[in-house]
Structure formats: C-alpha cells, structure tokens
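Next up: some structures, all given as structure tokens.
Across the two complexes that follow, chain A remains constant while its partner is chain B and subsequently chain C.
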Partner chain A sequence: MLPQVTPAAPGVRTRPARRGPQRGQARAAALYLLPTSVILLGLLAYPLYQLVVISFYDYGQPQASGAAPLVFLGFDNYVTLLGDPQFWDVLAATVVFAAVCVVGSLLVGTALAVLASRANPLPRMLLFLAALGAWATPAMAGSYVWLFMFDQDFGIVNEVLGLAGHSWTFERFSAFGLVAAEIVWCSFPFVMVTMYAGIKAIAPEVLEAAALDGASATRTATSVILPILRPLLMIATIQSIIWDFKVFTQIYVMTGGGGVAGQNLVLNVFAYQKAFAGEQYGLGAAIGVVMTVLLLSITGLYVRAQRRTS
Partner chain B sequence: MLKRAIAAAAIVATAVACAPPQADTTDEGADRSSGELKVWLFQEASNGPKEDVVDQAIAEFEAAHDDVKVNVEYLPVDGRASRFNGAFNDPDSAPDVAEFGNTDLAGYVASNGFADLSGDLDQWPDAADLVPEVLDTAKIDGRTYGVPWFTGTRALYYRTDVFTELGLEPPATLAELTTTARAIRAAKPDMYGIAVGGKYLFALLPYVWANGGDIAERDGDAWSATIDTPEARAGLAQYAELLRPDICPPAQCAQLTGSQTVAAFAGGKAAMAIGGDFNRAAVDAGAVKDDYAVVPLPGTEPGSIAPAFAGGNLLGVFGSSERRTLGWEFVTLLGGKEYQRKMYDAMGTMPTFADVQDEIAIDDPFLAPFIETVQAGTRFVPATPAWTRIDAQAVLPTAVQQVATGRQDVDTATSAAAAEMDAAFAGS
Partner chain C sequence: MAREKKRWGLTIVGTVVALVFLFPYLIMLVGAFKPRREILQVPPAYLPDNWEPGNFLTMWDTPETPLPFNLLSTVVISLGGTALALLAALPAAYYTARHRFRLRLPFLLLVLVTQMLQPTVLASGLFREFVELGINDTWLAMILVNAAFNLSFAVWIMHSFFASVPNEIEEAAWLDGCSKGQSLRRIMLPLVWPGIVTAVIFTFIACWNEFAASLILLPTDVNQPLTVALTRFIGQYESAWQYVFAVSIIGILPVVALFALIEKHLVSGLTAGGVK
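== the complex of A and B ==
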C-alpha cells in the first residue's frame, strides 16, 4: 500500500492507438482483482450494508430472535442519537483523546526513529527490542500491566513516587491521561519502524548535496528530509487516527467500562454499551454508521490536504 | 451494459435483503426422548465441587434413561449475554436446559427464549415446598419459566475483633451503621468503616427499600421510575453518605463492585461489608476468617431488617428444545431437593425449598442471619425486559457515583436516573 510517487508523464496521449491491447489489459486486470473484490464485498461491503439497514430499524434482542415484529423507524435512531447530549460529550472527548494519542505517538515514534538512525548498533538493537516488545503485547495484557503499575495500593509507580493510596483512574483527566500514555506506548513502535525505514532510505548523496549547498541542520530537516518522508508520515498519521479514534480495549479495561459515572467513555465503548450490553442493536448500528462516516471524511480530508501541499 | 447489469443486480439484492435478519421461531419441533441433552451451567470461581454434584446427577439421569447422553458446558457468567442471545437467534446452537440468573429472566422471556413450565410445575409435588417469594422471581406475568436452583441473600458482615477492641455493638439501624463506620475509620484510618461500592447495586437497593421507596413501580403493563420520590432519594442519599472520605473514600470506593467490596473485607481492609451467603468461601479464604460474624442488615427502626434483594439462579428449558419433556425431567432432578442439598454441601448455596432450608439451618449457625433476612421479606428488580438496558447502562450506579464524587446533588442525580429509566421503560 505504498503511495505511488512517480508522477504521471503529462501530455502523453496514445489512447486511440492502444485501444485493442488496453481492453485486453482491463479484462486481465479485472480477472486479477476478482478474488480480492469478492472477499472485500463479502467481508466488508455486506456487513456495512447490514449495519446501515439495521440502523433504520427498532432492532433489539426480541426482534433478532424473532419474538417481536420488526418496525421500520427511518431516521429515528439517528434523531435519538444526535439529540442525546451524552453523545456529543462523548464525541468531543473521543476527538480530543484521539488527537492527543495521535500527536503523542507520532512525536515519540519520530523522535525515537531519529535517535535510532544515529545510535550505535547495540543501543539501537535494544531500542528496537523494547519497541517491538511493546508492539507485540496484546492490548488486553498491556492494559492490565499498566493498571498494575499504577495500582493505588500495590503499584510500583505509587511506591516510587510515595503516593500510596492515590487513584490514577478516579479523576477524569488523570484517567484519560493514563490510558493515552498506554496507547502511545503500544502504538509508537509502528511509527518508529516506519519512519526509521524512511530515514534509512534517504540517499546519502541528497544529504551531501544539501550540506555542500550550505544548508543548516534545521534547514536540511525541514526542506529535505521531511518532504521526502511526507508520504510515510501520511500513512502513519492516517493509521494512527483510525486506530486511536476506534480505541476500545484500553478504555474498557483500564477505566472499568467507561470510568466513574461514564466520564471516560469514548465512541466505541459508548456504542458497545448501547448496542450489546443494552441490546439496542439499531441504535448501536447508527453509532457505527456515524463513526464510519466521520472516519472516512477525516481520512479523505487529510489525504486531499496532503496531495495539495505536496 | 455491464454497469446496467450491476445496477440491476444491486437493486434486486436490496429488494431481497432489505430487512435485518430475524430468527425463524415458527418451528415447534419434536419432543424426543433419546439422544443428546445439552445443558448450560455457569462456571463458578472454584468449579470443582459443582462439577462433582452435577456429574452425580448426570450419572443418575443416564442410568434411568436409555439412549440419553447429557452434555454439560460451563459458561463464564460475564460472557453469558452473547451466548444466550446467540442461542435465541440460532435455535440450532441452543442447549435444551440452562441455568440463568433471575434478573435476566424478563429479557429472555421477551425473546421467547424459555419454555413456559407453569403446567409442569403444577404436576410436580415438591413444587409446593418452594419458598413463594423465591418462586416469584421465576415468574413473568403469572407464568413460571424456571425452577429456582438456589437463592442468594445479602447481610452485614462485620469484624468481631475490631468491634470488641473499640467497644462497639453491631448497628441496630442504618443511621447507626453510618456513625459506627465513621467511628471505626476515625480510630483506624487504614480501614474502611464499611466497604461499599459505587457499582454495588444490590447494596444500594436495601437502602432504598428500607427507607420506604422503590426504584420503579408497575401500573398495568407500564412501568415508571420512582427513584426520584422523596423516600427513594432518602435511601440513595443514605447509601451515598457511606462513600465519603471519613468512611469509604470515593477515590477508592466509587468504582468498586460487590465482589470487590467483599474482597476488601476478606483482605482485612474494611470493618464491615454487605455480603451474600455465597461470599462465605471468599471470606473464609481471606485474612479475617476467624474474626468475623454476620447479622441481618438493619432497617431504619431498631429491630427491623432492611428488605434484601432476592438474587438467585434458575434452571429452565429452552423454548427451542426438541427434548422438552426430557429437559424438564433433568431440571426436576438437578433442581430437586436431594441435589439442592448436595449443592449446599458442596458449594454452600442456599436451597430454595423451605424444608431443606430449615433442615440445614439447624446445623449451620452461619446461615441463620441470611434465613432471618429471607423470612423478613425480600424484594426484586423490575421484572421487565427494559431492566436489561437499565442495568447495562449502569443508570443507578451512575447516580450514586455522581453523588459520591460531589458532581451532582441527590435530586439532580436521581431525576436524571428516573428520566433514563422511563426512556428505557418506554422503549425509546
């Protein structure tokens, strides 16, 4: 999925002459794409279609098991959802929380990638081992390990800081901060590995040329290295936005399903509480549709902005 | 051309599948008397003794029935909703007999999940000895859907050594409980006066009931929230009063569940706790095993007992079962007097037959306060499918937490809770 950076040669229009072979090529391409599109349609398009359909119905457990008739609601689930002040509160919290996590993992990941590209082999290997360890830890296990570290009575953090009895998950911002730190910890390795590969791929001649032209280190970083890394940075950012916007496990585990009086709910956990725990599958599906639309538009806007500036 | 064909196919597909899937429940099915009888039971914290009792029942059942094989699967309690809902949606993957919690019954019945056993129960002579209030928890709209297998009641655990050392008596009223708890924490700052939790609904309910309130009331088919009445508010306020820095600090206690408060008591971190007869093993395994006693949770007046929540598990036959008669026979065996007594011996669970209760109370003084509580009258949560949603969305724990953290006063928090409950009752 690496972006194609070779620009298309403008003004070359050989279409009429190559019509025959091109049609053959299109057929071949369609054949090659067929298996993928069947799988994508089956596993992605159909569930998404069902999600949208369910969001238009009053669809709870009695309806699913055939004990109650289906009632078509039209946009009622969406009206209920958008009229719920808690939804807007949770949406705002999710956006801010995801933004903090994205910025955090990009900063930490990029900084450590730069560090790794300049470090000696042994410390670099240790750094990579530590990062890959964090990356390989399942979200559930990672969340519990962090909870143990920050446990109010037995946690090592309170022991070292001398804060025995301090609860890190009681205050809203403290709880969000703790979860954000865990998410940055488990998602920076992806950014770091990606950026490290990008930095290593920059030809030494380019940097040499910049140095010969008398560019300062800052100038080299902003005018040479960053533009070359931009496509990779874009992938890392979009991936992080999607991951962090959809975060579920860490919030669910570390704040006990959404924190004191639901203060730490994010959209995905909110949808889960409504749809599965509360058995309002129609309303839960509406939340899912809203989330999908939001993520698609954020990603779309970001990709367009990137295209324009590059 | 291709585009047009695709568009046409899309329209046809939309027309064919334009509604969400529903399970087909028209199939009445056969009533076979041989083959495999599938049973779902809950996985307990230490499941060995339960399995031994169940295995005995299976051996007896299989010996009495030719060509019958009983297969038991133990489900984790936490993941039960997805398993049961899956079984209601796909009868092919459903068991014939299942154990389930009585608070889940209304939701299951709304999904046509369990068979109506009222007629079978009338034919069963032992049914007359079931404690009526416990049997009520197996009924929806006058129909019975299960046999109560065991019941669970909560009472007040307290530390005898701490009370002796500080010269205290077990509290005689709920108000006295608050002052006693405060006095203990003042004398022993490392200890919670009483371990209570913001998420411990079944400790909150007796407070509401003892103060003369209730969380909801039924009028015909309609339910409405009553958590915002003065009596219910007084009860919730009295409970939230315990979640204070001078008794059980909110930073530690606002997130606690029932079993976590019992764990705190068992670990010696609390001088009192509201625990069930089923928590005995957990407390006996803890640091305080020789230094505790149990009394009924007091009411508002000296000598009264706060009405307790009638928890417990039922054994029922799935509506989609093809072995209904066989399933019922297995339910009467495993849920019958002999095996309830064996379950008590193995797991300490309280039987649901009055005569079996009396029989075990004679040799087991530990159970006396719990049986006293049951006999003083128990209450139950609203028997409506909306309860599943109210419970899942933690409406009442949220109200307690809002008050305990000082973000909302009792009136605001209970009004918000009442509005959410009414929305759930109205199904919107």
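== the complex of A and C ==
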C-alpha cells in the first residue's frame, strides 16, 4: 500500500520576509530546495517528459533496442487509443471499481472508528490490531492470502460455504467484487484512524450541549458530529479516490494480470499490459499520459478541498 | 441497565468484526506452517496435521528465487530510499515552513502534484533514463525511484510540523547567537522530531512494500525485492503457497515491530515538546 498521505495544509504562520538583500535570500532558498528539486526533476519530471515524447512515436521493442528507426506518429497513438472500445470499457470499469472501493473503505473505516470509540478496551485493541496489520501488510501479501482463501478447490471460504469448485475469479463482477473486498480490507485503516482521531477530538461540552437541548442520538450524529467531521471525511474521500483510481497490485495479482480475456483490467494494469507485456511502449505511454491528466484533475479537487479546510 | 446492555452489544460486535478482519492473518500464519502436501489438500484442513516450521528454513534455498538476496534487496532499497527522501525533504520542509518567498506556494503545490505520478505510468521514461545513466537494473536506480515517489509526502508532513513551531522560539535562539544551521539542528529538530519520525516510518513502509516499479525495472532475480520474489512462488502448474505465507510473515514483522517501537517514541516526542 502506498503511504497514507494526508499532509496538513501549509502553515499559515510563516515568518514574514526578512528585509535583506534579495540575492542572498534567493541563494538560500535555492540551496534548501535544491535536493528535493533535483530528485523530483530528474526522476519524475524528466521521465514524464520522456513519456509524452514516446507517446508520439511508434515505439516498440525494435525501437527500444535500436534495431529499427523511430517513426513519428503525431497523435496517432491517441487516436488509436480513443478509438479502441476496450479503452472506454476499461475506463468505465476503473471509475466504477474505484467508486465502489472508495465508498466501501469510507463506510467500513467510519463504522469501525465509531465502534472503536465506543467499545471496551479489548475490542478496541483488536480493531486497532486489525488496522495495524492491514497497514503493515504489503498489497502483494494481502492479495495472495485472499486469493488463497477464495481458491476454487482448496480455499477455506468454499469449504465453509459448501461451494466446492466454485470460482470467484472467473466471472467478471465476482472477480471485481473479490478484489474490491480485499482493497477495503487493506485500506480501511487510514479512514478509521483519521475518523477516530476526529471523533475523539470532539469536545464533550458540544455533545452535552446537544443532549441538554434535547437532541436525539440520530440528530446529534447528523447535525453535530457529522458537520464537525466533514473536513476530515473530505480528505479521506479524496485520498481514497486517488489510491483506488491507481490500483495496480491487487488487480495484477488477484486476477492474473487483468482477468479472463482482460475483463478485470483497470487503467493502470491496462497501461502496463499494453506497454510492457505487449511491448507497445508508444501506446502504453499514451495511456499513461491520459491517466496522469485524469489524476491531475482529481488533484486539483484535492488542493481546493485542502485550501477550503485550512 | 439498557446502557450496560448496549455496551456489551458493542463489545461483542467489535470483537467479532475485528476477528473477521484479522482472520486472513490467521490463514497466513497457519498456511506458513503447513507442509507442501497439506496446503493443496482438497477439501482444505483448518489446521495442519503435521506442523512444518521447517518452511521458514527451506524457503531460503529454493529453485524459484534467491530469497536471501531478495531480502537484502528489500533492506538496502528501503533504507537507501528512506535516507535519501529524508535528507532531501528536511531542508525543503524547513525552508518552506519558515520563509516566505515568491515561489513558495508553487513549489509546495508542484511537490504535492507529484503524488499523482506513479511508477507504472513513468516506467518507460525511467527505464530509458536509467539505461542512459548506466544504472539500469540496479539497487541504486530503485533507491532513487523510491525516494522520488515518497518525497512529496515527506516534505508535506514535515512542513506542517515545522510550521507549527512558533517563530519566537527560533528567534530567541538567534538572539542568543545561534547561527541558522545551529538553530535548525539544536532547536528545531528536537521540536519537530515526531514529524520526522512519522515521515521516516511512512516512507520506509512504502519502500518496503513497493511492488510495481520493481516488477518493471528490476529484471534480474538477485536484485528483486521480496514483493517481486513472492510472485515467483506462484506458478501456472506449481504453487508453493507455504513459502508465499512464510515470506509474507517475514515481510510484515519488521513493519509491525517498527510501529510498536515508534509508537512510544511518537508519544514521548509529542509530550517532550517544549511548546504547547
């Protein structure tokens, strides 16, 4: 799993600019920001530039090894991609799949946070243990355990349910559902811990006041607690969207690289299959560019949400 | 009375839910101790007839993958990636939190945006770059990749910690004759320690669990980390599930240990802070 990233808003309390020679300050800034800038430019910006360049060429294995000359295609890769019904199918599947995972993680994470905030120490400890486990488990290992539990022949789930021989990954929706369940299982800790911290931070006086005013439990939850938690919920939602839109490992492992006849492909795995398995680096790069643009639009929302909450 | 009943209800529900969520770990643990014969048994047995702790020894020497090297790869890449990300992020986080300058916000936003980029998408570009630099298929390349993809988080989390320390403290240090470097080292670092620890842990875990970039950029088996090595135990005809689980446990333990270790430091770091 990628790091649980919800950076706080940039600090507002910043030292006012010192009245000094502009040049000296610029030099200091450059010095402090240099290492980060070099790494980001060298390892993210330059490859991104390369990606855009490659997406305009017919770039396959012969070109990569230098055995054939590069042929400039212009927007042909993009035209091919946008004219490919499979691309639209994969895009739609990605959006729906991500939406299901996001809603699932939010519901489960929030429910467990509420549960943990009210339960006795023992179940609370067990719930946090589950969260810690999910946090610490590589996506890889989690996917394999789930695959094993739901195995057609020797899986424990089929044994318990009496479904010997039933394949959970053969049918499209069942396969997507299984992967979504695994993703919710491993990504709820972020939502749970965030919401738990939020619930614990609510001042008891606020709840007492609501109780004094005669608010019912439901009314307190919807009119008092929810509005207070909204900013946290917002960040958890957008962060989940970003992760679940980029899912790679779980689909790659659990559906064997995209499922029967590619029925379980999501964009990230699709790009990988085209570029690296199909050795069509140009077309794969075009998919990468399209994906990056989509994710950048989501980031735009993220930044706006952050600035509103800060 | 009703309250008491509700509390018991919550306790039972909480326990059951937690156990359901913990169940896959039990499967992992039990599976790691099953002999090869039993793990593929139909119908499956809940517990092994013969416990086989030997899996944890034999897994190091299999035809599928050179596991000792894979563990070494994971350790080297994670430590290297974390160290590099921290060293680069620390000055940037400090400077952007303590100084206003024209490109401050654009810089921070650009750093944030890099979170959207991902190894699978950038792999073609990275591959070409590493070939040009002559470091293709090396640990160094993966250290750089891991540092780059985790830099954004490290900068932002430490930035917010630096920003939360009142300016007066640092100004007092300057008045007392501290240089900028000294005030950073002696005053700021101890105060933002919890933020640094948080950044280190999350970066380390992300590096430790990284899969996609290594899958694409490290074709040589001795260079691959544990996550990629795992895939080698699952074949089309032969699968060594017992090794998958044993290796998974080896992979999870250090992270859990790290969390346990750090939790105390986090708490003490928070309470030791001189400012409230």
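The definition used in the following text is that the second predicted complex is superposed on the first by the 255 of 310 C-alpha atoms of A that agree within 3 Å, B and C clash if a C-alpha of one lies under 4 Å from a C-alpha of the other, contacts with A are read in each partner's own complex, and residues count from 1 in each chain.
What we mean here is this: contacts are C-beta pairs under 8 Å (C-beta built on N, C-alpha and C of every residue); 3 or more make two chains touch, one makes a residue touch a chain.
The structure displayed is predicted, hence computed values, not measured ones.
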Partner chain in contact with A:292 - chain B first, chain C second, else both or neither: second
Partner with the higher number of touched chain A residues, chain C or chain B: C
Chain B versus chain C as contact partner of A:50, first or second or both or neither: both
Touching partner for A:167 - first (chain B), second (chain C), both, neither: first
Partner chain in contact with A:213 - chain B first, chain C second, else both or neither: neither
First (chain B), second (chain C), both or neither touched by A:62: first
Contacts of A:276 with chain B and chain C, given as first, second, both or neither: both
Which of chain B and chain C A:142 touches, first, second, both or neither: second
Which of chain B and chain C A:70 touches, first, second, both or neither: first
Chain B versus chain C as contact partner of A:39, first or second or both or neither: second
Intersection of the chain A residues that touch chain B with those that touch chain C: 50, 54, 59, 276, 281
Complex contacts: residues of chain A adjacent to chain C: 1-5, 7-18, 25-26, 28-29, 31-33, 35-40, 42-44, 46-51, 54, 59, 112, 115-116, 118-120, 122-124, 126-127, 129-130, 132-142, 144-146, 148-149, 153-156, 159, 164, 185, 242, 246, 248-249, 252-253, 268, 271-272, 275-276, 281, 284-285, 288, 291-292, 295-296, 298-299, 302-303
In the complex, chain C residues that touch chain A: 7, 10-11, 13-15, 17-19, 21-22, 24-25, 27-28, 31, 39-44, 46, 84, 87-89, 91-92, 94-101, 103, 105, 107-118, 120-126, 128-129, 144-145, 147-153, 155-157, 159-160, 162-164, 166-167, 202-203, 205-206, 208-209, 211-212, 216, 226-227, 230-231, 234, 241, 244-245, 248, 251-252, 255-256, 259
Chain A contact footprint on chain B (complex, rising order): 17-25, 81-82, 85, 88-89, 107, 110-113, 198-199, 250-252, 254-255, 385, 388-389, 392-394, 398, 401-402, 405, 407, 427-428
Residues of chain A touching chain B in the complex: 50, 53-54, 57-59, 61-68, 70, 80, 152, 165-167, 169-170, 256-257, 260-262, 273-274, 276-281
